[in-house]
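Here's a structure for you.
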Amino acid sequence: MRHLPILLTVVPLTGAFLVPVLGRRPDRAYRLALLSVLLVLACAAGLLAMTGSGQTLQYYVGDWPPPWGIEVRVDALGAMLATFFAFVYLMVVLYAGSSVRAELGPAAQFWYWSLLLLLLAGINGVLTARDLFNLFVFTEIASLSACAIISVRDRLDSMEAALKYLILSAVAGGCILLGVALLYMVTGQLHLDHLGAALPAAAGSYPRVLLAALALLVSGFALKSALFPLHVWLPDAHSSAPSPSSAILSGLVVKLGIVALVRLFFVVFDWRRLVTLPLPTMVMAMGALGIVLGALFAMGQRDLKRMLAYSTVVQVGYIYFGLALLDEIALTGALMHVVNHALLKSMLFLCVGLIISRTGERSTAAMAGLARSMPLTVASFTVGAAAMVGIPLTNGFVSKWYMVLGTLNSGRPAMVAVILVSSLLSALYYFPLVVSAYFGRPASPQAEGPEGPPAMVWPVVGLAAVCLVLGIWPELPLRLLGGVARVMLGL
Amino acid sequence: MGCLAFLVVCAVVVARTRDLLAATVVFAAYSLVMALVWQQLRAPDLAITEAAVGAGITSLLFLLAIGRTRRMEDED
Amino acid sequence: MGMPLALFVRLNYMAAITLFLIGLHVLLGHPNLIKKVMGMNIMETGVFLFLVSIGYARHSAAPIMSPGGAESGLYANPLVSAIVLTGIVIAVSTTAYTLSLTIKLYEHCGTLDVNRLERLRR
Amino acid sequence: MSSTFEIASCLPVVAVMLPLVGAAAAYLVGLRWGLLRNWLCCAVTAGSLALCLAMYPDIARGGVLVARAAVLLPLGISFRVDVLGFLLATVSAAIWFLATLYSLEYMRGEHGVNRYYAFLVLTLAGSLGTFLAGDLLTLFIFFELMSLPAAVLVIHEETQEAVRAALKYLFMTIGGSLFFFFSMVATYQFAGSVALGGRGLVGEASTLAFLTFMGFVVAFGIKAGMVPLHVWLPDAHPVAPSPASALLSGVMIKTGAYGMLRVMYEIFGLDLLRQTGWPSVLLGLSVATILLGSMVAVTQFDLKRRLAYSSVGQMGCILLGMSLMSERALTGDVFHFFADAVAKSCLFLCAGVIMKETGKRDIRQFGGIGHRLPITMACFAIAAFTLVGIPPFNGFISKLQLSLGAFDAGMPGYALALLASSMLNAVYYLPIVITAFFDRAAPAAANGAGRRRLAEAHPTMLAPIVVLALGCAVFALSSENWPLRLSETAARLLLRR
Amino acid sequence: MRQLGATALLVVAAAVLFATLAEAPPFGWQEAPTRNVITDRYLAPGAGETGVLNAVTRIIFDYRSYDTLGEATVLFVGVAAAVVVLSGRTGRFAVRLAGGSDDPVLQTVTRVVVPLVQVFAAYVITHGHLSPGGGFAGGTMLGASFVLYLFVFGADRARRKLRPETGEMVEGGAAVWYVLVGLGGVLMGASFLANAAAGFPRGVEGALLSGGAVWLIGLGIGVKVAATVANLFLHLTGED
């Protein structure tokens, strides 16, 4: 049981390395992927149970104590995110099991599972990393494998989108590494907590170097997590990828930049000193811009997947907005929204994947009158839309409640308008789809038969069910995240 | 000190030149001199690795890429 | 007058940052894909040069210990070399993947120019 | 009656859960057996009416029923039934039962019937929950649970016009709920709790408090059809099937006014309102609502659109009554809730019969239908007289109390507004009744039949109309005006706080 | 427009970075902040705690071997993605490089040089913990020798010598080997990737087999990098 923190990353790695060893057999690779994800979910659930009472699990890799060796630490936030991300991963792998044959090229059939497992390893690595350079390495693994699962689709637009994403993530990687170098130059430490301890002394003699390092790290991770002005790569990347991949990209990969910045903001840099810098207000402004302009773009889209991609830009802006408030309740709300959005957006992308695979059309008009032939999918889409808008009894409402309360608590009542506008804008581009699905006239004659293979439909329904359950009984995640927020803010 | 100047010149040449093959050759030279600089900065491991990987594999990759695409940068 | 002297003492850092900026400029500014990948490599080697320069100390020896284990002289910083080694391998794998994407895109649309690719896709 | 003590009871929880579960059951049953589903819906609505009535003994003794159901968020769902909540919940359950009975016949042969019944019962759960809610969060949740499914009722016909009206309704409702959300969170910020029934949670008179008040005004204004925010109402109500519009106009827009009432007297408190004078905003808006709603109604010739605009007018009276802040005005206001709910739903049900039997929507062609549909038109007349405020009916009592209340509050000018509302009501209701009964228009000759046979509606449609019409009259005539007595107690409770 | 934007970004970044450089610790300063308690332990005289003379290899394969595992994964991801993309359908503008020339001089020289390179590569891999070099450099050289063979004798003969399937299998196998050595530490009661703590024999200082797990991991990495490079170039040339 002591080794659970490291197993989170090692199990998917081993699974990924075993895929080519098993020979070029897609079905074997799929079963291996399923097994690995199940194991990861079990590990994550175990960790969540252990860190439930707020204590954190430290694991020294290679038995070398922190400043010398690398430490892997799992706190309540890491455990909870790992559990929900692993659950989403399980649903997506189940979904992809039957949807992948149509969309992928020949060689991709079995490499796809290896790349998915590598991405999961990268995600878990970032969630549990406690060493700055280790965080960078796992962010690179995640970014590279994220590009890979876009370009597995043997089509021109996927490859072009993957290339654009790859080049921008290389730029981000360069900036982050330079930031790490600057920090190491003035403090000599790489472990997050020791770095945090050494910073005040270094700030005395090298203030500008630290500012440059902070700027580079923030812009690098913001570029990787598509904060507003740096989001240009996201719509192409997430809309041209195969549906299971876009579900993971929008749901999980985008959150890695956010988790990394949360670690940096609250563990390394003393956030009370950050308040004096213009950084929080700048991030808040970019978040607000992301919310409004992203929503306007989303309304203009005719392609379902591009609309969902722009909606991701909005939600990332929303989360950054909550973080930048530097208020305990808003932080709880923002972290809760990281989980909510992971569940919601992956479910919505899988819904759209089902709709596309059944009607063959990607346009928003494809949803007209679909409720009769695809009842379960449209019902889940409705739950997703309701949660995005923040209707009560969905998990979206819970995080919206905490975000607005946090905004008021931090003494910025005017900022509440931004959050409310984001809910209204989400309604403006989600609800017409739901209404047209239930009450519209189907354009093309509906194909008969069930709405999709059960292995594709039930994961979608499962995700929707979890969103509702989180909406009705949110106290477990909230208690955990409340504790994490208090610890981070050092209250 | 001379090597650093050479490196910067190589980088500028790679940036300016139109002919990709020439750029690749200059890039190989750039990697070799970079390996030399690292050896001077007392990092022999990196010197060997940079020589093998930077000059070797990366330049080879560029050559193959140019082989399979086109040589001149500005298209008609 | 302190500025040029301060910079002269840190010549290596200046060179490294210059390489980083040239690489960044080529990566973002040039339309040709292969030129972009070269720019990416130059940018990353720039960062690596910066890192190695951090680890260097005047009159220090390479961090290889002699079996006798006697003297404890001044050695260059080994941690920096480890970091750069990892960085080099990351750079190579990114380059390999980007170049194969470039080759495939060229196969489908016959151009390496990013603007033309954009128009073709729409 | 002055002291109130809290009785823990599960009646409110069961009353709300029954229609919730009933709706799901009705939908599932409805997939196979239509008839069984119809009776199931009637049973469910009747059951919730019975549950509400079962609360009467405790309420009569002055008790307040309290129940904490599930724990949701830090605040949890809680119910708190006092006299006002009980009165409105019982009235809405009764009207829902009658509307369900009415739709058995009305919806025969229509499309999407299964969905209609399920959402009809679901909106009942929403409105009951709103009236019985014990804190703002529960009120917000059931407020949403009522307004969003109502969009499905509005869109029932699935015509292009219905879809547009429903979308407009949906977006305005969501906009309204955002304002409500902001104000609720701000209240939580001020007082650390959102429970109703207190003396007044928001103590200070800061600009944020005013913003919170205006947030509530906008949120409930949209639902209640206050003038600048009423634009969705004249489109949505006429498009919906008649029993649905009866419920929409009769009960659902009342939840908006009810919410405003609760917020004004239990969240902000009487003395804070008097000290800051914020209700004057509501006074101005309600007068505008009365005048504009009634005047536009006069110009409408489509029967349902005229009724919809009349609802806007009547809501203006209710909003006016609550912002006068005098005891008699409040009594009149609560009674007017009751009177308008009964009368307006009766009118809409009659309109349904008229359109179903004669197929005509334009008032000018209503000549002589009084002879063909004597009972319906008689009930229509009674309900119309109630709303106009002609003495023997409920309307007169509430208008009287409201005017006296205006005098008590020292603002006689507003009594004039009430008088104007009655006059305008007369202008657009009475002509309908007159042409229906006394106009020898030509339709009789058109179909050439000898003596026009009595083409009255199906008894299950007529019964609800008659009961509602009696509801308008019997209480005023009978010695023991039960709803009025309850209204007085409610008013005293609200002010005493 | 893109050119203008890039230049503007260049100027701003240059100004910021050069300003901060002036304030950085001087180059080659012997009391720089990075020379602290951490580097003192890394630079322990002799074979130190890990039985490895080369301080950099100590860090790569023992103190921070989790980083190296991550980095081997990055290489695996990069090449796997490249392989997937390259084996897609061929486009209209495809240019195939089968390689290979029947020039006898070239072939004989290659036949002589390739084994030599492989011997040197084997030396570099196995002596990673004693002298500069190590898994990565040696592995790359091993891969490069195969690529030389590939270019001279053509893709088809190279594929006969090393089929892509076996290349991938060796690559995956070596990576799993690395993880297994790590798990070995777990089986022996210490934590993942433990070396001395897990009881791997430190061996005689300076001897070929000293350094316990470090030597095994170096071997694994060498084979993995060689297989990966070979696999990449196999897919870059020849029919797929």
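A few points about this structure:
All chains are identified by letter, namely A, B, C, D and E, in their written order; residue positions are counted from 1 within each chain.
In the analysis below, a residue touches a chain if its C-beta (ideal position, glycine included) is under 8 Å from a C-beta of that chain, and two chains touch if they have at least 3 such contacts.
Note that the structure is predicted; figures quoted are calculated from it, not measured.
Set side by side, the interfaces B-C and A-D show unequal numbers of C-beta pairs in contact, with more at B-C. The chain with its Cα centre farthest from the Cα centre of chain C is D.
Chain-level centrality, scored on Cα centres against the all-protein Cα centre, points to A.
Farthest from chain A, judged by the mean position of CA atoms in each chain, is D.
The centroid of the Cα atoms in chain A and the matching centroid in chain C are 29 Å apart. Each chain gets one centre point, the mean of its Cα atoms, and the points for chain B and chain E are 19 Å apart.
One inter-chain figure worth recording: chain C and chain D are separated by 71 Å, centre to centre, where each centre is the mean of the chain's CA atoms. Between chain B and chain D the centroid-to-centroid distance comes to 79 Å (mean Cα coordinates, whole Å).
Of all residues in chain C, those touching 2 or more other chains are 11-12, 20, 23-25, 28, 53-56, 60, 62-64, 75, 79-81, 83, 85-86, 88-90, 92-94, 96-97, 99, 101-104, 106-109, listed in ascending order. Among the residues of chain D, none is found touching two or more other chains. For chain B, the set of residues that touch two or more other chains comprises 43-45, 49, 53, 57, 61, 64, 68-69.
Counting only pairs that meet the touch rule, the chains in contact are A-C, A-D, A-E, B-C, B-E, C-E.
Of all the residues in chain C, the ones that touch chain E in their complex are 2-3, 6-7, 9-14, 17, 20-21, 24-25, 28-29, 31, 53-60, 62-72, 74-75, 77-83, 85-86, 88-90, 92-94, 96-97, 99-101, 103-104, 106-110, 114-115. Of all the residues in chain B, the ones that touch chain E in their complex are 43-45, 47-49, 51-53, 56-57, 60-61, 64, 67-69. Contacts from chain D toward chain A in the complex involve residues 70-74, 140-141, 144-145, 148, 152, 155, 158, 162-163, 166-167, 170-171, 174-175, 177-179, 181-182, 185-186, 188-189, 208, 211.
Of all residues in chain C, only 11-12, 15, 18-19, 22-23, 25-26, 30, 32, 34-35, 37-39, 41-42, 45, 48-49, 52-53, 55-56, 60-64, 75-76, 80-81, 84-85, 88-89, 91-92, 95-96, 99, 102-103, 106-107, 111-113, 116 touch chain B in the complex they form. By the touch criterion given at the top, residues 133, 137, 140, 144, 147-148, 151, 156-157, 159-160, 162-163, 166-167, 170-171, 173-174, 177-178, 181, 184-185, 190 of chain A touch chain C in their complex.
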